[in-house]
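Next come the structures, one after another.
Each of the next two complexes has chain A plus one other chain: chain B in the first, chain C in the second.
The block that comes next holds the complex of A and B.
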């Protein structure tokens, strides 16, 4: 059952570019794939440890800028620059993680927001290196004779491959001792610590992995889009989008962020195409986020699973509730 | 020398305003352990209401406080009772951040829809007036904003220290269960605490509008500095936040001389990170902050 689902998903990802009716639909597909990559990257820290970062735009933005600057200033091959850039971001994430993970809950969120705001200031003011408020033009990795639709197609597949690798990593961690430790931190950090989980090291490792993948996603987006503006790269909105998508789909599920990205991404792009870019988007996003937080904090996937389980025949008249479900309520 | 003194005076005035703007945040955190991201958005909302009031009626923006303060109090109680109190206690801290973030987005979007994105500035007859203060030249509007901050914070202090409600509020902040055992209706007090916090946003937003150009997305620029202030001061400590606001305001203004305005902004974040590394519970907070 699961294997069939995976094969269908993979087949869809491979075939989507040829199914897309025109380049615009294809470009929307790339945007949604990019959202999915970023949201899944966020979920390495948000889903496993329960530390909700509103500032992951810092790592996607840094990834994009690192890739662009390494190509322009160091003359690296674009693909090498993408990976090296993400590694640089991962190294940068270590001190940030050490400072941010010293505190829990509210203060962590504050720090995550502060990092984005600092980077916005730095990248806007440090014009000689970063291009400042005028932005940075990132050269395209493919030759000029590769036309736009062809570009979209290639980037869609690149995003799909990256997403596949990330999902595999998430799946492996989910089943590992490391993942158990992270989830223990999410449920009760003090108890986890008293049971011998090296909480500081585990949290930091998850944070750095998350920053690395998010930076790869940001870098890939930069190569596709070809232009970086600090206002849009280091925006709290980008980070909150990752949170919204992951929460909507379900942070405890492997495919949660992907599902959330498809729903939110499709809705955003559809309404942009239909009604233009208005302030109504902000209101809609705010309302949706509030609804998810208040009524669907576990996300769509667990909600649907619960519904299916309830409707399935053969249920005992007294519903059995596991300890985990009890705690979650 | 006179330039440094001038910055020092301006820094104190700015710091006073910052203290007012951050006061609400410490109240929310105190009563509900909630980091209210939407506070800055409500500041901008109050600023817009003051602007609309002055443009519409031609009266002084201060008079708009008669309407906005009770209105914001009611909205604050509503936000607490209808939204924040519904969250599960186990995930309260994280989820409330997202919830209030959602409120901030909705407020910003609504401002954009109603007032458009055009930059606005209060038309004041005394906008250009300046005063000599100990040899430093200070804009009158800055003095008025500082005065508003002092009056409001002093009022808040008296309310918290002297009245019965203030006692109940402080008890709720210190230990919710114990307060309830002593007969305090903590749910209602928490609601009023929220309302009180938002009422300070009404005053703060009006003070802000006196001397700033306003636009819907302005609140992003304020979230960071305000958060830095409450962390440096110690989450949940009203007095600590006021001291931190003064120190950071003075520091920022002095740093503007050698660094320029943009880089001086980073002072807030530098202070935030230094605080987290040296003393995560904040420099002026009590035991309360230690647990977060």
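The block that comes next holds the complex of A and C.
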């Protein structure tokens, strides 16, 4: 069942570009794939530890700028720049994580937002290096004879591969001892400490891994889109989107952020295409967030799983209990 | 020297000295009870010993090693386990996962090994069997009854292999049959060489279970000794038993 689902998903990801009716649909596909990468990156810290970072745009934005600047200022090959850039961001995430993870709950949310706002100001003001408010043009990684639709197709597949690697990592952590420790932190941090879980180290490790993947996502997006503006790169909205998508799909499910990204990404792009430059998609997102929190607190995937389980034989509300089971109670 | 030694331990919250210059020794191998009125500093004392809060002054030594103010997980590794007042489990983890969370990976590489390694699962199942809830192994902790959660918490503490166990009101809020069962568990674990430090208000439990009683009042011990002697101590009667 699970294997079949994975094969279908992989087949769809491979085939989507040839199924897409026109370059616009294809470009929407890339946008949604990028959302999925960012949300899944966020979920390494959000889903496992329960620390809700509203400021993860800091790491996607830094990843984008690091990639662009390494190409422009250091003359690196774009793909090398992408990986080196993400590693730089991971290193930067260590002191940020040490400071931010000292506080929990709402305080952590505020700190995470503060980081993005600081970065926004820095990248806007430090024009000589970052291009400032005028933005930064990132050179295309492919030759000029690779046309737009072909570009979209390649980037769609690059995003899909990155997403695949991230999902694999998430899966490995999810079933590992490290992952069990992280989930213990999410459920009750003090209790976890008392049982011997090195909470500070574990949280920091998850945070750095999350920043690394989110930066890769940001860098890949920068290479595709070709232009970075601080106001969009270091935006609370981008970070909130990652949170909304993950919550919608289910933060404790491997594919939760992906499902959320498809739903939110499709809805956003649809309303942008239909209603143009109105901010209606923001209203729709707000409503969606409220609905999720009120009616699907665990997300779509656990809700669906619960529904399927209810329909299965032997899971009905009237249960047959064997005598042995009764005695054991 | 073996056992837990606390000297001059002090912890204030605002103007309140929750623990005030407390000096007390718990010898290894005993079942010690810690009694005293509400607000006498028993739980704060626990929190200082287990590293959940940093004491303002004083030292805690365990088997001769200074563990004062060390991080909680290091103190757990040193062999001190604890339960919490009102019981704390990981609500959205299953019973067996609640135990697996207490497994120490050892190295970075082994931290990425599957949590459900057979030897660990077997050990967890053995502990769940010991406390009598093995049939609930795959049930999420939040779906267990309060009593079952108490048993699960105890099993989780044991999973970390402590040789000294601090229990904060193990008999609080559970039915008499379960109180009896928890008492038996404590006795058999003690027979295997584990030391206990139990905060408890249920005097029957304290008197029947413990070898040694320490009475707290206003943040410090005012009396200690065998249960019968403490029960007769006039200071204790005045402070706690209401005379």
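FYI, the second predicted complex is superposed on the first by the 315 of 329 C-alpha atoms of A that agree within 3 Å, B and C clash if a C-alpha of one lies under 4 Å from a C-alpha of the other, contacts with A are read in each partner's own complex, and residues count from 1 in each chain.
We take it that contacts are C-beta pairs under 8 Å (C-beta built on N, C-alpha and C of every residue); 3 or more make two chains touch, one makes a residue touch a chain.
Values in this document were obtained by computation on a predicted structure and should not be read as measured data.
**Student:** Scan A:8 for contacts with chain B and chain C and give back first, second, both or neither.
**Tutor:** A:8 contacts neither chain B nor chain C.
**Student:** As a test of reading the superposition: which chain, chain B or chain C, is in touch with more residues of chain A?
**Tutor:** Here the partner covering more residues of chain A is B.
**Student:** Of the partners chain B and chain C, which touch A:195 in the superposed model: first, second, both, neither?
**Tutor:** second
**Student:** Which partner does A:102 reach: the first (chain B), the second (chain C), both, or neither?
**Tutor:** first
**Student:** Is A:91 in contact with chain B, with chain C, with both, or with neither (first, second, both, neither)?
**Tutor:** It touches nothing on chain B or chain C.
**Student:** Tell me the contact category for A:178 with respect to chain B and chain C: first, second, both or neither.
**Tutor:** Only chain C; A:178 stays clear of chain B.
**Student:** Considering only touches as defined above, state whether A:307 meets chain B (first), chain C (second), both or neither.
**Tutor:** It touches nothing on chain B or chain C.
**Student:** Once the complexes are superposed, what residues of chain A are shared between the chain B interface and the chain C interface?
**Tutor:** 329
**Student:** Could you please specify the touching residues of chain C with respect to chain A in the complex?
**Tutor:** 50-52, 71-73, 76-77, 81-82, 84, 88-93, 97, 100-105, 110-116, 135, 156-157, 159-160
**Student:** Within the complex, which stretch of chain A touches chain B?
**Tutor:** Touch residues, chain A against chain B: 50-52, 54, 99-100, 102-107, 109-111, 113-114, 117-118, 121-122, 124-125, 236-237, 240, 243, 247, 278-290, 293-294, 297, 327, 329.
**Student:** Can you list the residues on chain A that touch chain C in the complex?
**Tutor:** So the residues of chain A in touch with chain C come to 172-173, 175-181, 183-184, 187-188, 190-200, 252, 325, 328-329.
**Student:** Could you pull out which chain B residues touch chain A in their complex?
**Tutor:** Checking each residue of chain B against chain A gives 29, 33-35, 37, 83, 86-88, 90-91, 93-95, 97-99, 101-113, 117, 216, 220, 223-224, 227-228, 231, 235, 262-263, 265-266, 269, 272-273, 276-277, 280, 292.
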